[in-house]
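Next come two complexes, and both contain chain A; in the first it sits with chain B, in the second with chain C.
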Partner chain A sequence: MAQSTVPMFSAQTFAKLSPHPYMLANLKPSDPSRPSQRTNGRQPKQSRTLQVNTSSLTHANGSAMVRLGDTTVICAVRAESLPVTEIPNYRPASSTGPPLDEIASYDLLVPNIELATGSAPEFLPGVPPTALAQTLSTRLYSLLLSSGMVQVDDLRIWEKSEDDNDDNMEDGDGDGDQELGTVPETPGRTLRGYWALFIDVTFASYDGNPFDAAWIAVLAALHNMKLPRAWWDADMEMVVCSPEGSEFQKLHLEGFPVSCTAAVVTERDHAEHSVGKYWVLTDPDRREEKLCDESICMVVDCSRRGDTKILNLSKAGGCELDKALINEFRQTAENRWQDCRAALE
Partner chain B sequence: MTISAAPDVVLDHLSKADGSASYSYAGYAVTATVNGPIEAQRRDEQPFEAIVDVIVRPAAGVGGTRERHLESILCSTLRHLILLKNFPRQLFQIALQITSVPENDYVNSKLMQASSSQNLSVLPTLFQTAILALVSAAVPMKTTASATTIAIPKDYGSPLLNPTPRQVQTSSSIHVFAFTRQGDLLLSQSDGSFSQDEWDVAHDIAKDVCMEKKREEVDVMLDDDESQTQNMADLIRAEAQMKTDSDLHWK
Partner chain C sequence: MADRRRINGPVGVTSPPVYANHTPGKAQKDTVQQRPDNTLRQIFLKTGITPSASGSAYLEVTGPSTNGPSGLKLNCTVHGPRSLAKSTPFTPYTTLTTHVKYAPFATRQRRGYLRDSSEKDLGVHLETALRGVIIADRWPKSGVDIIVTVLEGDQPREVFKGTPDEGIDAMNVLSGCITVASAAIADAGIDCVDMVAGGVAALVASEEDKGEPRFVLDPAPSEHDKILAGCCVAYLPSRDEITNLWYKGQTSGNDTLLYTQLVEKAVQASRGANKVLVDTLKEGVTEAGKQSKGSMEVDR
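After this line comes the complex of A and B, so read on.
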């Protein structure tokens, strides 16, 4: 009887040949003394560390570069003035009638996501935006609108009338509060335009969890951005901006939403009757995302102490996450919120 | 405030597709066709399982990014239900055409498209139609599932089942749930600002609507004759039963 030789594979080869059993071998080690961990060495609830750099781009009004492990996202926000004469179907706000959602109606926030060629092997050059990119930009846009984070008052451009030349400059902060009501037109001032914010998100490197990384980048860029003081010049019939650096204003952002994503891996590869074990992996990387069908994303805002608001919850692809587990996941999301808050400050 | 009209279902009305269904409820109407298992394109095919391709077409115009988003949600959910392992290298194609959406006189249609909560409220109808069309195409599935929408009003009123667009607009949060007939949470999409407690309440209401009632419970409810809300799981079973009965009429 010839002695059978056991073929020896390196861990990388095993991982490449059969990724699902490799992942399970790490999560459920045969040797009970070894702790269960993910293939990337993290614990199931452990996220990758977040690195945020802001203001790295010169020509954007606000920018941020976010690294979440090997996922690198660059977000640039560029503001462009939009005179009301150039808005189709412009309807001046009236004191009667329902309040108009100006940000949504006039498209004042324009997010776009680009998954750059080479950021991951599956993104090919010269193809139209992939379904993933389109889904991500819809989700970003929805969250930007539904969170109500950007205040339309920061984006309004007024005509400077003769008599309030000086007042306007000084009460920059003050008039933010009084204008929040439904009647934006105060006597003596006419609304002449808006700032439209073009929010461009580029993935320089893609290693899973794109939405969390993109959202943090948008959040950091918006927190970082400054708008010049702008007014409508009646003589030139155009919007003019002040070049003075001291007159640049930050946006007054409402709330601090942070998203947290997790994926569920089941013991049996796409089990027909899933009764096996499963693991909820927070902040999945690209390899894990490919092996997981079910995923959950929760956007929480813990700005007000002891009162966590959920702004968005999206779970699809399987039946493992039930009510109790989603309640438990909120804890993870709250911890993530603390980490992100700390990273952005 | 529930919509009293019963859901309207037509099964297998398109002859050229493997399976088809039209479903209308709460002002939304969707027509779906299912083709499959058919041959997948060589570059897309998976050696161990079938792939699912979902196409959503809006009521007017061509599909944009929001349709891609709905497609990706539906695709991942339906993948869980269809027995994909039985059909390696095959493709299931599910095309969903929205035929009507309820009007909202308060806002223009552009704003309706922009708002994410309005996007979500069409999702249960799309999902329900897809399931009916899959049943009509006799695609082997693990189980069936049904979906519903719940809105929580701004004034902390009681949650609204199948809200109208106006109610969606004036609500603080909107939740879409899908449950399998055994009562497992399959899909949950929520938008707006809400607390965990509000979500729990919405979850329980939706589970009650989507999960199959036990026989005795149904009898009690029929006796009382006050079951205002349509049970979605029963609807699918009833429609499938009616279809089989009429197909086997010749025997």
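After this line comes the complex of A and C, so read on.
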């Protein structure tokens, strides 16, 4: 392949006309002294620089703008109150039966991804969400639930009791004014509602690796968000919040999961059965995503030092996934975790 | 019926936070008008933020007070000119499609993902404003898509003195849409007769002036007690033409002078926005020149 390079073409022309051989020629240079490189000039394991800006939106409880190279994502979290009377299959926690996962069963987290903002030529508005947008929303949702990051305690809204003038709603002292006919779960307080978090992710610019960018944006927005102190007002029959800025509280998030995605490029264009040499390209851009049929994604959490938790590992495609490869990729994911942590702080 | 392609959330009705004993008095301090009547709020404009689109621009208008809540954030992408689908009948002109969408988090009330009538209306206004600017016969049989996403569209309720006026908010958004779309079209290199920019002016009355109405450019609804009339224009400065005019309010029909004055003020606001637009594009050109020069040096 290398000897057939025609010198009349510039590198850019060649890259456009025949992207796959061009990428292979870069990854497998004929001159062994040159390092293996991607078309965009990055090393195979090198990801793009990450930039995070938080709290730039007025109408959201928490927001973040994340730039991963040329991929720009805006995420906003809005909290809306959901009284228990509005939950059709509501079951008080004190009732018999197995403990309920309230976040999942009452749909308290509502993540959605909007790609159709003209973020790339293939994502034009006016059409229903594409398969990609739906897949991304679902993956985001399942990761939010499975990681157990959001604590349901933060989302509970209690009835206001007379004695409860403390800032801290968590301590359950004070035998308040129960309405007649209600059964308190813990003495003194009645659970009256929940916060539902609407997590909206909008792509301003799309250049590959949507899931990682979206997840970091969600993570940053959740870390950034503050909920007002809220209670149930029995007279008005609604949830009322305190306007005092000092009483807004951050969420107590559990863990710090970070996802790391890579594309796998094989030696042969669209290999069918036998797979030759392959390269794992971390943080693929739009052009690389088009050339690769395979991808691998790992969600890791290294919050506890020296102990990496793998929360999710998914791989699509035909390459054999051996122990060495998983370990190598875990290393990449760990590095990425460090980068993300640094960018968010 | 629930949208099955999205995650819909709880079945029950959720409501945005309601704050207890909300006192607007404290907020009012920030909303006293801090600029003279004939100046605009600060505009930030940047092109080329979506590299995969043919052209793109981002516009931000600061809020009434510099450290307070901000006013307007718009993101625009332009795709095309590109060939139309085979099934479309022959057209000797460029087919222009405009699309204005509020992000779910752009307004006080959470917006849905489907476009509502006000968004479609804004889209139509934007198309009217731009159709006269683009040289449509330069690109026959092709289409241009202009998509504006409103990331932040209006001001939080607590900063309002009077009742919020949706009309002026929509006009401010439209004027921003026109300016940002114009920048994105220029960034895409689509031929235009002139640089169009949007401008808004309003006739306001406030208690301090004892009810005597006066004109303001680029009105921020939170700064005024009562807005009697508003006007939004899309104006071409070098041709002295208006491509779109939107007037709304309650002024006496006999008083045509008032009406023309208001349009004139809106044109004046548009000229201000145009200056920013031209400066941004010039900056973009010189920057691009520097970059290409830089890359040439690296090649050598």
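What we mean here is this: the second predicted complex is superposed on the first by the 308 of 345 C-alpha atoms of A that agree within 3 Å, B and C clash if a C-alpha of one lies under 4 Å from a C-alpha of the other, contacts with A are read in each partner's own complex, and residues count from 1 in each chain.
Note that in this section a contact is a pair of C-beta atoms (placed from the backbone, for glycine too) under 8 Å apart; a residue touches a chain by one contact, two chains touch by 3 or more.
No experiment lies behind these values; they were computed from the predicted model shown.
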For A:313, decide between first (touching chain B), second (touching chain C), both and neither. first
Is A:137 in contact with chain B, with chain C, with both, or with neither (first, second, both, neither)? both
Contacts of A:253 with chain B and chain C, given as first, second, both or neither: neither
Looking at A:125, would you say it contacts chain B, chain C, both, or neither? Reply first, second, both or neither. second
Quick one: classify A:105 as touching chain B (first), chain C (second), both or neither. first
So, A:240: does it touch chain B (first), chain C (second), both, or neither? second
Is A:323 contacted by the first partner chain B, the second partner chain C, both or neither? first
Superposed model, chain A: greater residue contact from chain B or chain C: C
Does the superposition put A:83 against chain B (first), chain C (second), both, or neither? second
Mind sorting out which residues of chain A both chain B and chain C touch, each in its own complex? 107, 134, 137-138, 141
Spell out the residues on chain B that touch chain A in their complex, using ranges where they run on. 49, 64-66, 68-69, 71-73, 76-77, 79-80, 83-85, 106, 108, 110-111, 114-117, 119, 142, 180, 184-196, 199-200, 203
Could you please specify the touching residues of chain C with respect to chain A in the complex? 5-22, 49-53, 56, 58, 69-70, 73, 75, 77-79, 82, 99, 101, 103-108, 110, 113, 145, 147, 149, 151-152, 155-156
Flag every residue of chain A that touches chain C in the complex, lowest number first. 57-60, 63, 70, 72, 74, 76, 78-83, 85-88, 106-108, 110-112, 114, 117-121, 124-126, 128-129, 134, 137-138, 141, 196, 198, 200, 202, 204-207, 228, 230, 233, 238-243, 286
Going by the contact rule set out above, which residues of chain A touch chain B in the complex? 89, 98, 101, 104-105, 107, 131-132, 134-135, 137-139, 141-143, 145-146, 270, 272-273, 293-295, 307-319, 321-323, 326-327, 330
